[in-house]
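The structure appears below as structure tokens.
Should a chain be cited, it is by its letter among A, B, C and D, assigned in written order, with residues numbered from 1 in that chain.
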Amino acid sequence: MIIVLQKNIGDTQREAIRSFLVKKGYTVKEIIGQEETVFGAVGQSTVDIREVEMLEGVASVVPISKPYKLASRELKKEDTIVSVGKVKIGGNRIAIFAGPCAVESREQIMSIAESVREAGAVILRGGAFKPRTSPYAFQGLGEEGLQYLKEAGEKFGMPIISEVVNPSDVPMMAKYLDMFQIGARNMQNFELLKVVGKTGMPVLLKRGLCATIEEWLMAAEYLMSSGTDQVVLCERGIRTYERATRNTLDISAIPMVQKMTHLPVIGDPSHATGVRDMVSPMSLALVASGASGLIVEVHNHPEKAFSDGPQSLYPSQFEKLMRDIQALSSVVGKSLE
Amino acid sequence: MIIVLQKNIGDTQREAIRSFLVKKGYTVKEIIGQEETVFGAVGQSTVDIREVEMLEGVASVVPISKPYKLASRELKKEDTIVSVGKVKIGGNRIAIFAGPCAVESREQIMSIAESVREAGAVILRGGAFKPRTSPYAFQGLGEEGLQYLKEAGEKFGMPIISEVVNPSDVPMMAKYLDMFQIGARNMQNFELLKVVGKTGMPVLLKRGLCATIEEWLMAAEYLMSSGTDQVVLCERGIRTYERATRNTLDISAIPMVQKMTHLPVIGDPSHATGVRDMVSPMSLALVASGASGLIVEVHNHPEKAFSDGPQSLYPSQFEKLMRDIQALSSVVGKSLE
Amino acid sequence: MIIVLQKNIGDTQREAIRSFLVKKGYTVKEIIGQEETVFGAVGQSTVDIREVEMLEGVASVVPISKPYKLASRELKKEDTIVSVGKVKIGGNRIAIFAGPCAVESREQIMSIAESVREAGAVILRGGAFKPRTSPYAFQGLGEEGLQYLKEAGEKFGMPIISEVVNPSDVPMMAKYLDMFQIGARNMQNFELLKVVGKTGMPVLLKRGLCATIEEWLMAAEYLMSSGTDQVVLCERGIRTYERATRNTLDISAIPMVQKMTHLPVIGDPSHATGVRDMVSPMSLALVASGASGLIVEVHNHPEKAFSDGPQSLYPSQFEKLMRDIQALSSVVGKSLE
Amino acid sequence: MIIVLQKNIGDTQREAIRSFLVKKGYTVKEIIGQEETVFGAVGQSTVDIREVEMLEGVASVVPISKPYKLASRELKKEDTIVSVGKVKIGGNRIAIFAGPCAVESREQIMSIAESVREAGAVILRGGAFKPRTSPYAFQGLGEEGLQYLKEAGEKFGMPIISEVVNPSDVPMMAKYLDMFQIGARNMQNFELLKVVGKTGMPVLLKRGLCATIEEWLMAAEYLMSSGTDQVVLCERGIRTYERATRNTLDISAIPMVQKMTHLPVIGDPSHATGVRDMVSPMSLALVASGASGLIVEVHNHPEKAFSDGPQSLYPSQFEKLMRDIQALSSVVGKSLE
């Protein structure tokens, strides 16, 4: 922690600050500059930095240690490769997750699974518990949906992922899933993170709608400190003042996150944009920026989907997108998983 | 729903749009303007408006119905008065909630309860389950904390409120509390909202850090449609680009919310600002803007608090604030509850 | 400047960083902590901190000196009192600026001036050059408007203020005005700031729609370093994701700015909210938070105003507001100028 | 304009609203729905919609006409191709602008021009008048810089572009430049837009840091209604709550803008990110999303640049980037200009 002192500080105040820090267990070193004097306070102690900011004579306080450890690139230099069944995510691979927003019926998920697998997707997605903004909207098929999803995954050789919204559902869901998904609205639902982390299973952690990159990594830290080291991050758009687009897909976050953490990061072009015709350009932009994969909504009959039809690709659009990603992959030095 | 057609639309496209809407169950009326032609589609049907936006020849679509009903001022013109024990919130009253961030010990909560009661607070707050950004930080005393809080509330004649973070805690907490608090991070934790709403008990619903006013009212709608009509809203600062202050307390939301809903709205100056010396000016600003009350953090020894000490008022500061609110109340035509 | 080194840094890298800093003219001190090592670099030199951030082995860099000097509270501890004619702004005064959005005719401004003066306003505002979002909207009366404004100000004993939008208008406008206004859109129009600053006249500097408090103070620094020390800041709402209100009036900025600078800060409730019925609650909230005054739009016939009629108060509403501010002033230890 | 009436509106209020609209020159049609009744008001009249919103009995008002006309895709269906000297921008071309942040000397600009030309850039950029946040920073060489820039452009066969910050500089700058640049801070400096538009010359219009896409198109409308139809838009990052990256490059804006306007849109990866190692991934992402080009900062000695060295590519990095863009162009069905 670096403490910048006010310019006109007197000796008594300066010593009071030093003594406060020493009492809290810090070792204090002083740097006298031409304009400012600073204290460097080092040690294992933790103090709310606002406590120090409020001491008389303090101009500002700057924390030094990062609040996340396990997720940090400093702790682990090489890329983490996450294994979901036989699928590997991270490094020089581009892994494509695809499937409908929600599992709606056995037939629906079997049909979609077949077509996305053929086009090159490696993980099958499908919601069974849907967090909906309106209490009056379709909330998912529940466990029945997971059964269909599992059946489809097994038939077409794809590990499966689905969103969890309630800590008490975790044991039941763990029996079906290969990977848990934490949605944007639950990124800081710490009770849920702790329970999911304890399973030790792979987790896809979506970024909250107004989460900073640091808060996102802290949420990963919750998962990791609870027991899993198989975390994949997912950028899905943030909320900004711009309303012509649904969210602002923060593509600059991709290379920035890769500097800060060893965990793989993928992108979700479907929720970010909310409309079908922007999904392909944003998919390509994500891959071009260095993302380790995508999670894309595909539906065999988007116009009849129970939820999010407008952002779901038709199977033929998804095939075209997969060919474009294939062509793009060599430009960025990667290959499709 | 209003559908604005593109200027150069042909007859075939126009009729295709009309027929789509009719099939979905709408009655369609046409308004031909000098620059634009619009369709008005009325009826009980619901369709994802993005479906309509994607039809060829459609320039834009404007929803008309509000997504919230029970919370709407149109449904209920007069102010809702929420009863928490003997305390009433709403109308021309200013109700002050006060207490520590977290219950830390029996002695601590008893001491604080006594001093805030004497100064004029009517509801006692204190956290027992703390949602913390870091997995390594103090997470609260749990049920033991609720026992102390209840004892203090009973001794000093104040109903009590505490934050709930896990749906499975609700039955246990209901035995202690007079009012549930839903924190900002859980405003869209719909599983939690449904379970808390079912208790029928009063709920304080904090606004999420990046929730629009409409989303906030939709969260209230979740509570109300699950079984409670005793909801108090709480503005606690939103996230903006400005980082010199911790959050941006959205005081303009107070009069705006009062136009949109019949539910009372109060403000939280402590979490909004994060620092003690801004709590009093923001408290006065909230009351001046028309808020129905405040929830303020007070600690007998802020410098020793387990969490959020820097934003907690000293008891003497809280007393001074209560006197200022008293003086201010007549300017806004209200009185302290 | 504080340079945090990466944990695993080798001696060669460390010495390369030290030597880079020394070459740039800094004196370097080292603080070795248990987790991190930091360099403190002191001296008069200036270097783009991104240069240092990119050196190998550097984890992060923290600037210490504030970029604004003349505007800083550290340079000048006591409040600056700005004089506009016989009116004083700052300290324990509340100064009310009022008048129409735009000067529309001699009769209009004379009538409004009379009524706002009677109600207690001390400075008369009125736009002559209007920066409008649409090129097809009313752009103001120009110099003719200033003549009417000056006549009204003289007749009713009020100094006058009007917005300047073009550097080449400054000499002409200086002949009429007592105070220049820099609008939100021009806060970082540095060419304009330099020319206006050179006049040495008082300036009202509105905060840009997405300006940080620091950038706002840097704009004040432009004015001050160009030749005026008579700067009044004006908070007028910032852009956030919330669209139910026009802008988000950042009332927390008022006490924060007062810590950072000695310059007075007032608020503009009219542009912040855009609608008449929110002007009074936001006015009271601004004064309650400690603002040194307000600039309020008042029109004798808002329904016929050429611009911004909907946010203009009727004279009778303004009178009521002035009485409420009078009552509120003693609560915050101030009095109306 | 669509006027949604309150549910419980009486006949008198309804007729008062209708009569208000008719007096303003509108033709009014009524649509009676099951939940809401709306008025459609059509005609050439213009009224501040807030006027209507404030009428008693009105729930909300929805504008229908877009405020921009000349820039609208509805007015002109086919892509505008902008000509800057012999260079064409728009359609299936990818045009690369490159050069230093500021012209620093004759030698510097000649050297950089040579290397970017060789690598494939088609337009040469270089600042002569720099809008700097701090009054104490390097402000550019002025006209001397333009002379060097022109000399370099002629020698290496590239049209030149430079930023204009003061309306009074326009005639002088028009003698040197092939294209004007309006910077982000001046996007709503309407006086400047009007004077630059009048020259009829090509203009690159950067998006303001917190400008909506609609405001950006309105600024283009200012240029177009003043006399030029040669406008290229440039996305350069917006301000959001995220501070780990300098700005948030709004790549979703690229396909969205292309739906709304016929004008070409390019991206600026250098100012968006502020750091060299993020320029290449963001450049590729912009091209992948469909941008018509890029404006990239390149410096022969970034470590000695007078401004923005840290975000300037080395010539060798720029060459590599050009090769990657070449490879990427066929994936998006375009070719390098």
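One rule holds in what follows: contacts are C-beta pairs under 8 Å (C-beta built on N, C-alpha and C of every residue); 3 or more make two chains touch, one makes a residue touch a chain.
Just so you know, these numbers come straight off a predicted model, no measurement behind them.
On superposing C-alpha atoms, the copy chain B sits rotated by 180° relative to chain D, to the nearest 5. Counting every residue number used by either copy at the chain A-chain B contact, over half are found in both chains.
For the pair chain B and chain D, the distance between C-alpha centroids works out to 38 Å.
Centroids built from CA atoms put chain D at 26 Å from chain C.
For this pair, chain A with chain D, the centres built from the Cα atoms lie 31 Å apart. Touching two or more other chains at once are residues 210, 239-241, 243, 277 of chain C.
Across the interface of their complex, chain A is touched by residues 48, 50-51, 53-54, 67, 131-136, 165-168, 185-186, 188-191, 194, 209-210, 215, 218, 221-222, 225-226, 239, 274-277, 303, 307-311 of chain B. On the side of chain D, the complex with chain B involves touching residues 2, 4, 6-8, 27, 29, 31-36, 38, 40, 42-44, 59, 62, 64-65, 74, 210, 239-241, 243.
Of all residues in chain B, only 210, 212-214, 237-238, 240-245, 247-256, 260, 272-273, 277-278, 281-282, 284-290, 324, 327-328, 330-332 touch chain C in the complex they form.
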